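Both complexes shown next keep chain A, but they swap its partner, so chain B is in the first and chain C is in the second.
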Partner chain A sequence: MSNSVFSVISRFVEEYRSSTPNKLKMIDAYLLYILLTGVFQFLYCVLVGTFPFNSFLSGFISCVGSFILAVCLRIQINPQNKRDFLTVSPERAFADFLFAHTVLHLVVVNFVG
Partner chain B sequence: YVSSSNAGGSVSGNGRHSSPAGCGGSGGGLSGGLTQPAGWQSLLSFTILFLAWLAGFSSRLFAVIRFESIIHEFDPWFNYRSTHHLSTNGFYEFLNWFDERAWYPLGRIVGGTVYPGLMVTAGLIHYILNLLHVTVHIRDVCVFLAPVFSGLTAVSTFLLTRELWNQGAGLLAACFIAIVPGYISRSVAGSFDNEGIAIFALQFTYYLWVKSVKTGSVFWTIGCCLSYFYMVSAWGGYVFIINLIPLHVFVLLLMQRFSRRLYIAYSTFYIVGLVLSMQIPFVGFQPIRTSEHMAAAGVFALLQAYAFLQYLKDRLTRQEFQTLFFLGVSLAAGVVFLTLTKPSLPPLLRYAKIHIPIIASVSEHQPTTWVSFFFDLHILVCTFPAGLWFCIKNINDERVFVALYAISAVYFAGVMVRLMLTLTPVVCMLSAIAFSSVFEHYLGDDMKRENPIKQHPFYPVKNSSVYSKLIVTMLMLMLLMMFAVHCTWVTSNAYSSPSVVLASYNHDGSRNILDDFREAYYWLRQNTDEHARVMSWWDYGYQIAGMANRTTLVDNNTWNNSHIALVGKAMSSNESAAYEIMKSLDVDYVLIIFGGVIGYSGDDINKFLWMVRIAEGEHPKDIRESDYFTPQGEFRVDKAGSPTLLNCLMYKMSYYRFGEMQLDFRTPPGFDRTRNAEIGNKDIRLKHLEEAFTSEHWLVRIYRVKKQENRQALDHKLRNIAAKQKYTSKKVLPSRFH
Partner chain C sequence: MAHLCLFSLLVLSLVLETQALTPTHHLTTTDVARLQAVLSQPFTDLKSAYYSVVGLSKLGIFVADADETCRFINSNLDPSSVESLFYAAEASQALSGCEIPVTNDTRDLLLATVSEDSTASQIHQSVSALSALGLPLASQEVVSALKARISKEDNVLAIILALQTASRLSQQAELGEILEEIEDLAARLDDLGGVYLQFEEGLEATALFVSAAYSLSDHVDMEPPLKEDQVIQLVNSIFSKKSWDSLSEAFSVASAAASLSNNRFHVPVIVSAQGPAAVSHSHPFLQLQVTDVLCQPLSSASVLVESASAVASKSAILSQAPFTLRDGVFELNFMASQPASGYYQFSVAITGDSRFVANHVELKVKVSTRVAINNMDLSVVDKDQSIGPKTTRVEYPTKAKASFMADSHQNFAMTFQLVDETTGVELTPHQTFVRLHNQKTGQEVVFVAEPDSKNLYKFELDTAERKTEFDSISGTYALYLMVGDATLENPILWNVADVVLKFLDEEAPGTIQAKTLYVPKPEIQHLFREPEKKPPTVVSNAFTALVLSPFLLLLILWFKLGANISNFTLSPSTILFHIGHAAMLGLMYVYWTHLNMFQTLKYLAIIGSLTFLAGNRMLAQKAVKRLDGK
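Up next is the complex of A and B:
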């Protein structure tokens, strides 16, 4: 069973390396970085405690929010998904991404306290 | 969005404003003088929306025209007082306001226990108008805010219905919601309450949500989040949004309608909406702690898992996917098992609890009767199932949303009268869809439909004769006209009373105004010390604080049940026990409402049993409800009433000197018109209180609490001369012994 799981994962990684365009790989690297930031924040909270809670929440939600927004951007600029997004061109997707980040970070800065 | 063959039908779908004859030709017949039918269409839409706004605004002005521009009822007085504080002291003073003139001696943290949206909106409008040198008083801004926002609600309902169906249905929905009584009841001019702006925020948030699901653009989703933030700041009913949207996503997943647009819309909405909603101090950390918000979090996690699985499924073969799937499911099961939490009560059942006296005593929390449905919605409640049926028959992502909205709103409206307000918008939308479909079918141009390019999807196209079309159209128009008449009548008679000022009409039609409340509150304001403390039942707390500007003990916020129970105990005990409580609370004045002279049925004696029940909840040893009833179980104020009732403070205060008053020659003195009984205890003497003020029709009575005397007068007991020894006189009568 574990054999097949490893083989599945290695095949998946191989296919990922070969078939995804560079733009999406860049976004995936960014996603990994955000994920690590979020994990470190959570570990810190578990080890040191939740005070002040609003600061922890704002930092953690900032990580999750950036992750989700980057995933949305990745979905929207993926050329395979073009027929799902007739009104959203890749440029518009990026502009929306910037706008969403502005709103998210304004709120996060207000919430950090 | 509207094809040319439908233009005639959908524009004339708003049959109330144009005659049926000119309909079918408006697309084709006017083409001689028209180069841009779309231009005329948008002009017509704009005019209709403007008229709807005007109609909504005007029909809410009955109370202002009949009486004056005044804040109504109870809760709006607190909102007005807070807005006044905001406009005079600034935003940060308002956000950090600790009110020590309410809930004496506890005080109230207003900044953290209020939804600031209403106050900030009114304050902002006042600020902008004054900046432009349009000097409007803050009271006028507050009084007219709700009618202005009703127009905005009509516009956002138009936008939402246009996304769901077509433009004609949108215009109909806007017109319906502008005048429907269910919404007017909470948004008349003078009713300065959260619902006035919250329904606008609700409809606008739903419109932006539907738009973001349809387009999958992050821009619309962020707009939805910002609108959701405004809704969270405006009303506690935002919980409805944060449960309906996840329910919508969940049902779409179950119906196998998952799409990437849905994923983008909900994930972005949840995260950005979460952090935005926590900015309101009153909401705080509730979105990640309470059970009401857990559905949203659960659906978020589920959606991530589902989307990830979809992504893998696209990349791997079936067998590979299966092996990974089993691994994933076992991991997930382990995580769920480890984080099993105690099941918590369904959130909204809390509001329906009938066992807590203070929740049960509010008249708005009673279950809805059939009469209320028809009274508030008229024919819309009959046509809205038809609209629901059309939506379900012709299903797509947005119509699933409106179907879920309708079903949940109907359930909640059946539980509590107050929640009729959340049912009203969806009823307007679905009825508009029903009417629009009917008009489209019967008023559509038959010539264009004889060689249809596409068949109308769900009813067979038959050439209905001119007569059937005419009859159906006339019937529909009659229904709509009766609806308009009914709405105006209901608004005028039922929902336009300021309740601060009472009016009665004599048989010659002239009006008798009873302004006792304001008379008494202004007496308090002008004749008592600035720091005097007034004790009354919690119903009047906000009005006393707003109009009389005096410190109160309990008010409509009802956040501290023990404090209210203490006041209830003081009202229900005899005078000496009540005096002890009043001394401990530093009470200077006691205010009660008495309706016996004019037959006003909302007075404190009628509410007395609730005072007893609430007091009994906290002090069961001292107060027993059964003591206040006769041995036969009746509640009577006449001679046969229970002695505990006849000697309690509330009774004494209500009927002090009433026994001397004879209202007319047919009834004996001391005849209580509200209870229709002659009172039992006619010569009442008060030891620790003295009467300070009674209003013109005895509606409001204010008593001053006397300070304790320096020396307590001893109670004199009759001297008991006990004969100890019998002395017989040794004096002998001289005449006997001579």
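Up next is the complex of A and C:
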């Protein structure tokens, strides 16, 4: 049982390394960064306490929001999904990504206190 | 179905209408005397002489010095003024044996004033002067002139004066149209709360209207179109004011009172109890004064109690019992029917004259009695009932000779009966209190004695249960019985006995503290909200570093993946875009530290639009390059 799980995982990693374009790998690195940042914030909240709660929330929501936006960018840029996004060019996706981030950061900075 | 509803509504309204009004305001004998005093003031000119003389004559009083007054009138008379002639003529008619010299010029002047061109007031004055002086006048001319004036001057006072004038004319004249004005005027009265009915012009206008309407109605012998309730409401309005601002106001009230007490159609009846409406064995007669509005007793009246019933039990005591007239007061021996003490609702009817208005009166009569205390038994009962109770009987108003002892194992009990002194019927007064007073400390505790189903009053004191009321202070307490009620003539405060109460000593407070209600209370210190406890700086710093560490990881990963900026074109739009983007991020930091949302949005709009334009251009260039590269 664990054997098959291990083989699936190693196969997956191999496929990832070979067939994913570089651009997507960069976005994946970014996603990992965002994830870790969010996890560490949550850890602080669990270990030390919720004071100040609004700051924790805004930081955490910022991570979550950024993660989601980056995932959207990755989906739109992926050449394999081109058929689904005929009207959206990669540049357009990036522009949307930047605009949404501006709005997100406006809200986050307002809430962080 | 609709017909049935309508019919029942009609019946209901008829039933409600039979609840007639009775006057809430009327003149008492002191008020009438005050009115006479106001009218008897020495007069300064012809007008005030008129008001005084004629006003007093309406009240049935004649001026003391008639000759002196006559001379005064004659000397102040101005024969060229219609008004002056009016005052003089009317005043002289009220005095006996006073003559005003009349010349042909005077008569011509007065007759000439009777025309459509004079005001209603002038016509009234000339017609009254002509009739007072005994000069002939043409009634029909007057009528037509009045009709013309009424249609021109549509105000209330003018129409009232027209009514007064019409009552001086010959009965053969066509007064029908003027008579109808009474009804029109009555419709213009304001109903205030269903109690008062008056003109907005004031009391004087209302009073003059009443006197004019009744004098005209008497003159033509036709009942005025005023309903009984309206008459009573007019009585309330006119007689609610007991001191009058001016002589003319007093005069108008006097005329109204005179016409209401002596006209052919409506005579309002004022019924008032002499003293409080209460009877008892010492005062068994219920005395009523039945008068007209001028406080003159009605000689032809006969007063009857239609029904009298107890308020509490609604059982009828009397029915159709007549009052007897004695010395101008109607009285009834109510105690002869042996009523129990309490309140009774009387419905009284005054008959004898078909003109009486408001002749059904509702009265509340109180029957008082004296109370006696029977069978006052005091005892000390052991709680476990092992020793039988010793009962001591005490007679009112003596005090028990021995004092009673009760400690925590015993109960002190008291039973008694309250009866009517004369009839022996059991009573349940409103207040039956037992008061225990500690003479040494001044403490006082009051309990209520309750009657049981057989009207026997019981009071039990359980020393153990009631120790909180006594603050566990042992000692001698004087026991008082307090009995009181509105229908009792002899409220009772009786020191029945002395009771020595023993409480368990360890519970007694050291000193007795008077209840301090009015000393300053301890000051309240406001507690501001404590700031929340922050974690130590070391921990915060450590976690900040931890949270920022993934950024390093990101840079390493990107480097390993081969991220580069080799495609960076140095075109203006690219530079502008990057500067704009950096500026936006800087703005976010400044927003966090200094600005508020509005300022930020303002700057963001400026920087954002620049960045957007530059970025658009840059990305377009990139897209072109990408498509070319394909």
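Here, the second predicted complex is superposed on the first by the 113 of 113 C-alpha atoms of A that agree within 3 Å, B and C clash if a C-alpha of one lies under 4 Å from a C-alpha of the other, contacts with A are read in each partner's own complex, and residues count from 1 in each chain.
Heads up, the rule we're going with is that a residue touches a chain if its C-beta (ideal position, glycine included) is under 8 Å from a C-beta of that chain, and two chains touch if they have at least 3 such contacts.
Since the structure is predicted, the reported quantities are computational estimates derived from the model, not experimental observations.
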Which superposed partner A:57 touches (first chain B, second chain C, both, neither): first
Touching partner for A:26 - first (chain B), second (chain C), both, neither: second
Partner chain(s) touched by A:48 [first = chain B, second = chain C, both, neither]: second
First (chain B), second (chain C), both or neither touched by A:69: first
Touching partner for A:12 - first (chain B), second (chain C), both, neither: first
Which of chain B and chain C A:37 touches, first, second, both or neither: second
First, second, both or neither for A:110, with chain B first and chain C second: both
Shared chain A contacts, counted only where both chain B and chain C touch the same residue: 92, 95, 99, 110
For the chain B and chain A complex, residues of the former touching the latter: 215-219, 221-222, 225-226, 259-261, 263-264, 267-268, 271-272, 274-276, 278-279, 285, 288, 312, 315-316, 320, 323-324, 327
Chain C residues within the chain A interface of the complex: 532-535, 539-540, 543, 546-547, 549-551, 553-554, 557-558, 561-563, 581, 584-585, 588, 591-592, 597, 600, 604, 608, 612, 615-616, 619-620, 622-623, 626
Chain A to chain B touching residues, read off their complex: 1, 4-5, 8-9, 11-12, 15-16, 53-54, 57-58, 61-62, 64-65, 68-69, 71-73, 75-76, 81, 84-85, 87-88, 92-93, 95-97, 99-100, 103-104, 107-108, 110-111
Residues of chain A touching chain C in the complex: 22, 25-26, 29-30, 32-34, 36-37, 40-41, 43-44, 48-49, 51-52, 89-92, 94-95, 98-99, 102, 105-106, 109-110, 112
